[in-house]
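These notes open a run of structures that come right after.
Same chain, two partners: chain A is paired with chain B first, then with chain C.
== the complex of A and B ==
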């Protein structure tokens, strides 16, 4: 009885111990003046001031518009490639095109799952560095740097979605004499499409942020402008660019809501 | 021998783990017969139908479809020309328009590219329109299938069978999810199609009433065995009462728990 009670409270005891450790650790922090570097507070004040008074001069706005367009273009192109890669590799790694028995399905699954794993194990920033090193500061570097890891993520998710499609309609298709490719078009994809689309939109949002960050490498776009303005300590400009970034993310979100509503209805 | 068999079962057996779903069972169904399989839940109706449709294979015994062993049907398209299946629901692809679900019946003859092209520009539309007219849904051709009511969806499944034109139709509880009026409506259309096309029909049913009113032959299954096999007109109320009687007193009751 005692041991059972102890077992029951196992998690609570662990939570309590960890809370105590955390509170205890606060006593060892040096709460001295080194928490902010000298002038750190005034920098913070400047940043906050920039938030309320962003630089809205025509030159900066025009620069922001061009950079936004470039960031968006990289994201769209990268995402399109990622979608193609993801669908093709996702179908192959789900193994649905192979017969249930035999080694074909196992081989197709393991080879393509491995490939997808490799693609997404490396972060898009690292891919960007690699491509910049290989092909220089071209748009292709940014596009491929998004397409490869995002293709890996989409492929993995798509494979899982395909494997979860309920078997009854598929059995019905099979009993109508549908081949595996016909089952893919008329069964698997229509069932998985709404979920896949909403996930693609979420990923597209991520791709926009990624594309902005990516330009820190020097590829142009919003991130690059943010970096330049930061180096000049022009926080009002930084905020202008950030507002543009937030703007496109919000627009994509609204758009995805609209599409999702239509797909699910 | 004036007519040939649609199905011939010889000593067919099926066991799931410890549970005997079908005890050795022999049965033949002639071409053109309209047969209902009835019996209490877990009697083995669905297992029997799944074996007839080759979704499941028996542990022992042989099943012949149109005088040919099931294992000899290597090509799914060849089998689909012999046997068509309609189930209680969830058989259609809800997110596709009605016409695509109907044209799936043509996949017995269509290759990949034709069905691919048809996904964007529906092919052989006339056949689909005719089939939908016969089930009374011609106006819903381009509607999203999931927007249709349960009865309408079953009629779409019937239209698909009309397009597929198999020699034999297997129906697994085709009306169990419908209200009585819709059930009669769908069953009426099904029987009418089968008679007009001179097809063979094997249906599992919950409703004894419908079985007696619409079918020629009734096969009652209980505990994996044939309990009786008679012309529908000859089935007595006493037979049916015995069939559905609870099995508490039966000595095998604990060995054969009901299948779901």
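== the complex of A and C ==
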């Protein structure tokens, strides 16, 4: 009873602290007249007007369609590499290929976990920037920039899934003399694959958004067009491209939900 | 039996569609885009990469940024700004979510949650859900690009852009949590004569609290990683200086800021892990 009460108090204290920290953070903003640009509010009005009257001329629609495909293609290509990276590094960082005892498992676990952590700690756009600085504007900069952080996330999740595979079928395999590699192929992977696939589908939606913003470092796609239209102050065009982006994200979202429902159920 | 068949069929079909998409995307990239994979490993690119890495590490630089105290001070100040920005962002997103989440739950719209069915329940549900989809589907960076036209550069526009994107995500996750809760305690509260406010206070919030905190903290972890990105378009913090240093070719400063950014990410991960442990 006492511990339960304490638990309740801890939650209240946590909420209180969070609220205070948030209120404290507001004091770091200069809330005076310097908040808005001189024409800021009329810009806002124009943006809202553009939302209800997007530019639907054939040229813009065609451009939007092409850019949408490019965004999608980069996302798919990046995701393909991320899946490969994730599976390979995930298996290595779960340590299941090493014997249960000994330094090998520990080393393989800690080294590859660290690597995966580093891969996902840096945002995809920062990766893109580094790649563009190092190798110029090629589609590979966008693809690798998606593949590395997403590979890091997938690898981490996959490693966790592999470690959670129930031990009974594995013991059966082991007692019939399967090697580590055979255990992986016939024991671990068949069990973890549906969950991994459903997670990949979930991440695919995020990859599309990431791919759309790759344009910011100069790589084509929807974000590039949005940026150009914003610079021309053509907010109606901006919204046309945004509607295409929202459309494709929603389609992939619905698709991945349908797949996930059937895979994990 | 038939249902089962459809289940497998749909997954298999999706798998083939995904495979087709992969083939189409890669061939598009190699043919139309003319990407040259092996060209990446040319002598010239190797030279560029090497030079770039050397610059980052401060080889040949007279005074690398990470050896001067002054740069460290600037970086620390910027890191603090970035942290404040992330806290504000998560706060705004949470406020928006709490204000809208109850009518956005399907159980509230059809009247099983509040035990009162209203004619406008589904309309409000639809409107809020459309808002969620809208704010979620547009990436933070694009929100930031637009908001920077309205606000003067600083941490506030960055926080608002981050909050707009995360509002939709938090709203969706939390509304689903409310849809999934056990309705029996709420019914028993209602049948013993609790008022609506009492139902929310004693029936709803204790059940969803831990889940909500988990989601909020999880989004905070994502937000701190993204602060650097909204900074690129002029919304203060580490990202803004990162971009400026990059365009001035002050590569050692870039390294310093990247380092601070990694530390910040690590710090937030640690704090959030602790918070999750508390609520568990």
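Here, the second predicted complex is superposed on the first by the 224 of 265 C-alpha atoms of A that agree within 3 Å, B and C clash if a C-alpha of one lies under 4 Å from a C-alpha of the other, contacts with A are read in each partner's own complex, and residues count from 1 in each chain.
Here is the rule we use: a residue touches a chain if its C-beta (ideal position, glycine included) is under 8 Å from a C-beta of that chain, and two chains touch if they have at least 3 such contacts.
Quick caveat: nothing in here was measured; it's all calculated off a predicted structure.
Legend: residue contacts after superposition of the two complexes on their common chain; A:187 is shown touching chain B, with no touch to chain C. When both complexes are overlaid on chain A, the residue A:20 reaches neither chain B nor chain C.
Legend: residue contacts after superposition of the two complexes on their common chain; A:48 is shown touching neither chain B nor chain C.
More residues of chain A are touched by C (comparison of chain B with chain C). In the overlay built on the shared chain, the residue A:178 is in contact with chain B alone; chain C does not reach it.
In the superposition on chain A, contact is made by A:168 with chain B only, not with chain C. In the superposition on chain A, A:80 makes contact with chain C only, while chain B stays out of contact range.
Within the complex formed with chain A, the chain C residues making contact are 7, 10-11, 14, 21-22, 24-26, 28-29, 33, 35-37, 39-40, 45, 48-49, 52-53, 81, 84, 87-88, 90-91, 133-134, 136-139, 141-142, 145-146, 149-152, 154-156, 209-210, 213, 225-226, 228-229, 232-233, 242, 246, 258, 261-262, 265-266, 275, 278-279.
Only residues 166, 168-169, 171-179, 181-182, 185-187, 190-191, 193-194 of chain A touch chain B when the two sit together in their complex. On the side of chain B, the complex with chain A involves touching residues 53, 55, 76-77, 79-81, 83-85, 87, 90-93, 95-96, 100, 104-105, 107-108, 110, 112, 115-116, 119, 160, 164. Contact residues on chain A toward chain C in their complex (touch as defined above): 10-11, 14, 21-22, 25-26, 28-30, 34-37, 40-41, 43-44, 47, 69-70, 72-74, 76-77, 80, 121-123, 125-126, 129-130, 133-136, 138-140, 143, 201, 209-210, 212-213, 216, 223, 226-227, 230, 238, 242, 245-246, 249-250, 255, 258-259, 262-263, 265.
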